[in-house]
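Each of the two complexes below includes chain A, the first together with chain B, the second together with chain C.
Coming up: the complex of A and B.
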């Protein structure tokens, strides 16, 4: 089967995974293991299947009308599409951060509390929120203004709040879908250092169109193009010595 | 140059059309008020009974009847309509049931009000044994308003950003939690404004209530849904069919009251909607 490139046991495994939307193929025959505690970068051109693969890991594709998934996704060995598996439970274990800060039009506190309240984990609400906001480096700045509207924060802080909202659920896996794409370079740097700090504590899958970002942050890299997993392996190998000509032309910027 | 001249020409024409549209409303209101003025007295508005004679009659029972009808129609059409919209938008997206229900609602929307009255007469008045009551009127207007409530509610639900919706799901929220905590609160401002607009149209309808058997003469103010069907629009209609000249003024005065109620409901919806929007931000 899939040898995990680092030798560590995989948290997530995709086996011959195909996804189509209303008959249009977005992902075809992808098999990939995401090893525990590693940061795996998904790179490739737009429309290559990065987001679709990420959303396969937390069953988000099924919310899109006309989506059809074939193949298997395993979380800690369990098929997440199996009858008895609850999508909400999967999503609590496999958290996600989106390209744009998708905050609810409510207070900072309510945003971070959202997932905890939805799953009824309200006993230590305040502690969990403090913990999450501390992790993302926002606590000291906003501890006194938790009732302020979340949308009043600066764009970079909003995205960090999205991280906090996801981390408050103490997930095992973090799916990061182009988390810095809407941010300026200073805010991007802060998010990158946050992601760097989260490495090791979480298994992270980062979809990014920033080649340098992938090189800076990841241990493993997977290159997707046209819905196909072209190749994957240790980031250094992929970037310095890609096996496939498509990967090479993408990395050298000759793509299209 | 030619393009510029065309534009002037079009501008003039559309401007004239705009003046005509605005003018139509003002003219209508003007004539109505002039006709209504002699009859617009406080005891006319509050009179507890309608009389067969122009003197001493009033619209008290009709106002209360219309209020009852509004309440009943709202109590039925809003939960059913909003529930349907939530189902269609969130639970059955693009499935066959959604298409079927959507088509049926389109069909319902195309049914003329008077036909709603005929169906209401057969179903509510006769089959369900309600008789020509306020309850039957409210039920009939609820079916009349239902398609519009559903489509307004669907629009409102669609206005919630899909990203925020996905974010809620990604945090482990169930469908019901997403609907209750995100979709409905976010859509609430347009839901409220749209519902008030739709209901204001419904309470202005005379035709279906006339078919049901609305009365134009009643000596008491209706106190329960089981009381005889009286309403403002049917009262207006009844008075316009009377020969005596004084009834013209009564019809005009009742029309003014009806218009005021409809405009008031719309305004209330708009104001409440905006207030909800402000508090949500």
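Coming up: the complex of A and C.
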């Protein structure tokens, strides 16, 4: 249904995916396809499973002690949990940006170079870093101060540096986990325009508690509540004509 | 309703009125202990230096307060303290830091809990017992390895002091590692870096200041340690670097001087305070440095 709605082949597919942490269910029986080149928004109340679903796509949940995953996640058709698939390889193809800027206490250059160096892609290090910083709109401002501490940047620029760090690896998919919650409105607007510019070049999955942000940026929207995928479809349909009463009450602000 | 509450709060009860002065008295009592202590050390040290030149005290290499013509060169004592403290740290710091890393990153929950409990137990062992074990267990073992080991030797003191320092290093650096935000580690892994690289390049640098502070705190404890060195390394004031021979640290001298029947007002009595002043200064310096390292890393990083 989702495939026909988008008309594009999926990059990521979750099939009957369930995740629990130390016995507590966070995600239950979710099946969802993420079509290539689209921006899919995951919306819903806090604790609804947005983050857990997002972190399933780059195998980050398994870092949490007591996490149990059942079901299948496919990246380009390949089950990412099957033996022989390296988590690090998956994570290089499926990049992630976190809610708060998670810069390393090192220089700007070292932060952007981190993923490239870790995977041994050091031949064109400078070019790749320039490319990534240009994409996020930081290059002209900080080209001369790449050796400065990354933490000396303004909060909005720090988050853009996190984007650059992920983009430097040239991933296929970008997972954005509430990328603007820690930012003021001006910085949020700049991040949103950056995300808007990245659309098309990347397959993007955006988990957000900002309903308007989802409406502004996404083509497809999935509504999650209580660990369940309530419904998903084209953003316009979800926002104007939701099928499920739970979706409607969340979108109209009557949620609980 | 509301004005009444405000009115009531304007007339405090007897307890409220007494609380301030009562706590002030408590605070002054505690503070006065420290102030009197410093004043006594300061006055006696000044009196000592009016009779013995500071140049002799800090530059001469012979310490013989009871000789016919007494010598008060503090360097042998200072060097002995440095030798034991640094020697112990050379054992405790790498061992403790690696153990903290193991507990924080690699050990399972049960193993980690066990190691923490063992460190807690070790921290609770009185140093006199560690000194006794150094003298009666470590030294005989060392002597069976090297014939040249003396009955009182610095090496066995270093080993016992290292055992005393280990919990300090482990607990403080383990906490420093645990304070590194989980999202920071996740970000490293999400960039496709292997776990070892994230630990080495992200967690260790982020916890570096806390780990450095842990080592400095341990060094301060080692400098002040008395019982182990007195028991295991003896009390010979000699300037030598062999860890197989006995020596006398600043603390051991103070302990010995306090035990003896030194007459008040004599030069030897004064030297006790001068040595104390050196000890307090070194210990405070190290603690201050540790605090500075932490403050610099946590507070001054962001403009």
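The rule we apply is simple: the second predicted complex is superposed on the first by the 252 of 256 C-alpha atoms of A that agree within 3 Å, B and C clash if a C-alpha of one lies under 4 Å from a C-alpha of the other, contacts with A are read in each partner's own complex, and residues count from 1 in each chain.
As a convention for this text, a residue touches a chain if its C-beta (ideal position, glycine included) is under 8 Å from a C-beta of that chain, and two chains touch if they have at least 3 such contacts.
Note that this is a predicted model, so its numbers are computed, not measured.
Enquirer: Sticking to the clash and touch definitions up top, decide whether chain B and chain C on chain A clash or fit.
Expert: Here the two partners, once superposed via chain A, clash with each other.
Enquirer: Using the touch definition from the top, say if A:240 reaches chain B (first), chain C (second), both or neither.
Expert: After superposing on A, A:240 lies clear of both chain B and chain C.
Enquirer: A:60 contacts which: chain B (first), chain C (second), both, neither?
Expert: Touch status of A:60: both partners.
Enquirer: With the two structures laid over each other on chain A, which partner does A:114 touch: chain B (first), chain C (second), both, or neither?
Expert: both
Enquirer: Does the superposition put A:145 against chain B (first), chain C (second), both, or neither?
Expert: A:145: touches no partner chain.
Enquirer: Just chain B (first), just chain C (second), both, or neither: which does A:88 touch?
Expert: After superposing on A, A:88 lies in contact with both chain B and chain C.
Enquirer: Which residues form the common part of the chain A surface touched by chain B and by chain C?
Expert: 58, 60, 63, 65, 87-89, 91-92, 95-96, 98, 100, 102, 104-105, 114-115, 118-119, 149, 151, 162, 165-166, 169
Enquirer: Tell me, which parts of chain A touch chain C in their complex?
Expert: Interface residues on the chain A side: 58, 60, 63, 65, 87-89, 91-92, 95-96, 98-100, 102, 104-106, 114-115, 118-119, 149, 151-152, 162, 165-166, 169.
Enquirer: Under the definition above, what is the set of chain B residues touching chain A in their complex?
Expert: The touching residues are 93-94, 161, 163-174, 177, 181-182, 186, 280-281.
Enquirer: Residues of chain A touching chain B in their complex?
Expert: Answer in residue numbers: 58, 60, 63, 65-66, 87-89, 91-92, 95-96, 98, 100, 102-105, 114-115, 118-119, 149, 151, 162, 165-166, 169.
Enquirer: If you look only at chain C, which of its residues touch chain A in the complex?
Expert: Checking each residue of chain C against chain A gives 109, 181, 183-184, 186-194, 197, 201-202, 205-206, 301-303.
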